[in-house]
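Consider the two complexes below, in which subunit A is the common component and subunit B and subunit C are the respective partners.
Let's look at the complex of A and B:
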């Protein structure tokens, strides 16, 4: 293992040897350090994906497309796409709409660390714990309903668990901090001098946001939307624990899980996982493609 | 800084803070419910439980074999941290220091497992692991958890390594250090803060990683978060307080490491390294 190959002068009178020619292109012993991690990723990420794709075309019975035919013929299966989108799209949009004004407010704070540390809590605790906590907290006897009843806002407890709204709440409580922290990092990356210039020219707060920040932030919002959306789209534990996994919150990941571990039909499960991937990819590509319509260029000053 | 003093701006600011306070209050109340319930003797239809006890912790400890589960959790997490550190730091060094054909493709290979949610690639991965017989075993859980953590370490470490002056390494070479000595005496001390931060983030994320562990774990290779899922899933079999006691044990385990991690890293890093991507 010598990384000093690059500095060794050519001893060979016939010109540089193979090692030196490779080193000149950046391939030497140091580059080889990337090989173990690359092999690992190929073996445990790329290979399973390719294997799953092939397996999905080798159903237990029927022709090579019969898994996909079964998925799109059975309402119990194909409706999961709509149910998942009906859950994940509103939550993602709501998270983004809430995160933007708050990020604009928090960016002016000098000490953001405490707030960001609090917001990182639900992400670190994970969806299982949030589901377990919300089951108690939002339940008919929980503190949430109890508080609303004490203030006289409702006369009887709202039904907030084991239905759509339970999963919605759990996606909000884990998804909002995620969206917010991403948005904050994009908002603070924009040079405040741009806003000051607009203010000097007499733009009010809304005009500064609409004509200065928004065009600069659109690409960042597109990325934030995509990352938050794929998180929400792959909701699993809270849809089972906090939702109605046989009814309105039977999301696509439940269908994939049941095919694999209840029917032991790995071929069908792979097909559902591939459909899940394709739907995610379609939305992400659509959003990222629309990025091309907006301004792309330098927006940051000192902070990058 | 621009200060808006109009009435509308003040109302808007109030509304924004009201939402933040509402969110944080609900978050703490949710955590508070779990903690309160785990110490409650009986809690039905009142603001606070009828009495306080710690016996649910003893019963949770024996009912859920928490000792074994915690041991497995720490073994899995420890190995994941160690292996992803070794694989990730070496690969990050190569990617930070060399420009070679196919580097962008390699970066994409490391970016994808972080962008695709675990349940999407977890199902084909579990299928492969079941066919090789690795699923259900301890090493299957470790392998599955490594899939997102190795790329994570790589992406965190690349900017960190790039900021270290290559002249330092050249100087060490001039004085006759071999690669091993160079690494131990020059690179490791300089990289230690970055490695520490990356590995702490891996640790926090692995404790909370539910989907991958859930898909490949067998009865003896469950981590704490998966055991908690099964307990909540089969609610009704055990007392609610017992499950809540287990949830508190899980929370404490996670929060200790979160507090340690927050001393060394920016909270935004726990979420993602999305800023490192070519966003513009």
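Let's look at the complex of A and C:
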């Protein structure tokens, strides 16, 4: 038995307890809820990715880098990067440019829900159905050409499918709802009082957009751009169905498909997939990094 | 066309109405505001105060009537063409701009030269005492500082008219008193014309040159703080001016503008606010300050005490009469809840006609 009787608790007894200290480092019960998701993504994403990465360095023949060497030596392969970008970047930008003014108009409308439902439809229908629809609609005997000919605007049917523009149109249609809905949610997230305040301070409509909305929306636009771009970049069905899969719309996913299922060279296919990933990543990182130039924070002017 | 002239003689609301569907938020509001006046728009929640301000600023189109700045009709102009300074109920500061940029926003939109913007913004920062905070974002400011940015931003463009929508409603009591004085000081220093919306009668009384009392979209009374405080024209205005005791009774006599009214056997004598025939129903309105617990008297109203609170110099209690009227009174000594008090009121009693 010890002789000293302490009435005051030890110094350690004061201050935050273990749970509070863990919470301050971001570890609490909520963190545990993220564990299943982390395991899930490990099993479904990280493992296949790592597997593919390793596989791409184990070519059928040659040194460990020979898949990559082959890709960048063969114009038929490396040109797919440019062709894919040449489709996906303009489509994504155009979608964003169309989505912004429409979102600004729709934000004031009452039947937003109906419109949203109409726009979600193409997403649920899937790219193949849209592609087949377009094939009929834009084809040489399709309504579009027939209407233009009836009005005498053209004498020969325009070639709108089985080329670049067919894929372009299809990507635009399937990508727009997604881009638009995301843009709309960012636009409606901005306190309308800010625009009113700008108006009372003498800013006209363009100035209000330029100096109030645009800076507040830039981070959101960047995210929208990235997500829409990634979707467009992995275009496959419409490039095959509506495009010229051996020519101008031979996109990178076609190259990967051919390597895997026509040449049965999974190692090469993995290498193509890796290159595809790196290109996407480079663009996404560049766009997201530019977000740092803009204000990020709550988009309301309310008192706090 | 922008109204560049800061000099004007009056702003006139001519039968201004605003409907939201079937709801008449404003009904034929007439009001003339003179240059350099400080006007308070006072009324309960939902009476149309913000609607009035938004109509004047151009953020809401009017559905009837017209708004005039001297001889210029302004209700047809866009808000950016009117150029009235507005302080919003929730400040509406630009979250991505720092204090300096927020305050300079209006000048920048007008294409003011940079050097002049800097000079005016510095002046405004001094006026609202925000030196040292220039480079902070709104999110990094306290509520009171945000409010001062909102005021500076509105006045730096030297608007002919400054509109403020309950700018102090979210501040604590002490800051509210400080900012109240500040707002009046700025108004005086600038020689501004201000319309100030509030639902706090104290704020209206202490700040305004004239008070406009609104109720259900109708102007009930316009007058100086003294006029409204001492002689409210209607019972609902009196209600707003702190006449918390309202007792129903019958007129006993009425002569020379004074009336005597019988309430549950007790007698109250006061200023008649309208024609009152003996025997007619009437309502007597008394402030808690003037309703005093006294010794038993022939004309006192008997009531049973519900609660009693210590207020430093005196006690303030609540009570109910035999017929269930709620009363607020003051007393110089404490009384037990449940005991009976005798209440009398000798001064500043108002008598309004009532319904039977």
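Note that in this section the second predicted complex is superposed on the first by the 258 of 304 C-alpha atoms of A that agree within 3 Å, B and C clash if a C-alpha of one lies under 4 Å from a C-alpha of the other, contacts with A are read in each partner's own complex, and residues count from 1 in each chain.
Note that a residue touches a chain if its C-beta (ideal position, glycine included) is under 8 Å from a C-beta of that chain, and two chains touch if they have at least 3 such contacts.
All values reported here derive from a predicted model rather than from experimental measurement.
Superposition of the two complexes onto subunit A shows subunit B and subunit C fitting side by side, with no clash.
Using the contact criterion defined above for the overlaid structures, shared-chain residue A:145 touches neither subunit B nor subunit C, since it reaches no partner.
Contacts of A:67 after superposition on the shared chain: neither subunit B nor subunit C is touched.
In the superposed model, more residues of subunit A are touched by B than by the other of subunit B and subunit C. By the touch criterion defined above, A:193 reaches subunit C but does not reach subunit B. Of the two partner chains, subunit B is the only one that A:233 touches; subunit C does not reach it.
Of the two partner chains placed by superposition, A:92 touches none, neither subunit B nor subunit C. Contacts of A:249 after superposition: neither subunit B nor subunit C is touched. By the touch criterion stated above, A:183 is placed in contact with neither subunit B nor subunit C.
Between subunit B and subunit C the least C-alpha distance in the superposed model amounts to 6 Å. Counting contacts by the rule stated earlier, residues 196, 199, 204, 297, 299 of subunit A appear in both its interface with subunit B and its interface with subunit C. The part of subunit A that touches subunit B in the complex is made up of residues 1-4, 7, 25-34, 36-38, 40-42, 44-49, 51-53, 55, 98, 101-102, 105, 108, 113, 115-137, 141-144, 146, 173, 176-178, 181-182, 184-186, 189, 192, 195-196, 199, 204-205, 208, 219-220, 223-224, 227, 230-231, 233-234, 236-237, 240-241, 253, 256-257, 260, 266, 269-270, 272-273, 276-277, 280, 296-297, 299.
Interface residues of subunit B facing subunit A in the complex, by the touch rule stated above, are 1-2, 4, 9, 12-13, 16-17, 19-20, 23-24, 26-27, 29-34, 37, 44-45, 47, 87-88, 90-91, 93-95, 97-101, 103, 106, 109-110, 112-113, 115-121, 123-128, 130, 143-144, 146-147, 150-151, 154, 173, 178-179, 204, 208-211, 214-215, 225, 228-229, 232-233, 235, 240, 243-244, 247, 250-251, 254-255, 258, 262, 266-268, 270-272, 274-275, 277, 279-280. The part of subunit A that touches subunit C in the complex is made up of residues 191, 193-194, 196-204, 207, 211-212, 215-216, 294-295, 297-304. Of all residues in subunit C, only 2, 57-59, 78-80, 82-86, 88, 90-96, 105-106, 108-110, 137-139, 143, 146-147, 153-154, 157, 170 touch subunit A in the complex they form.
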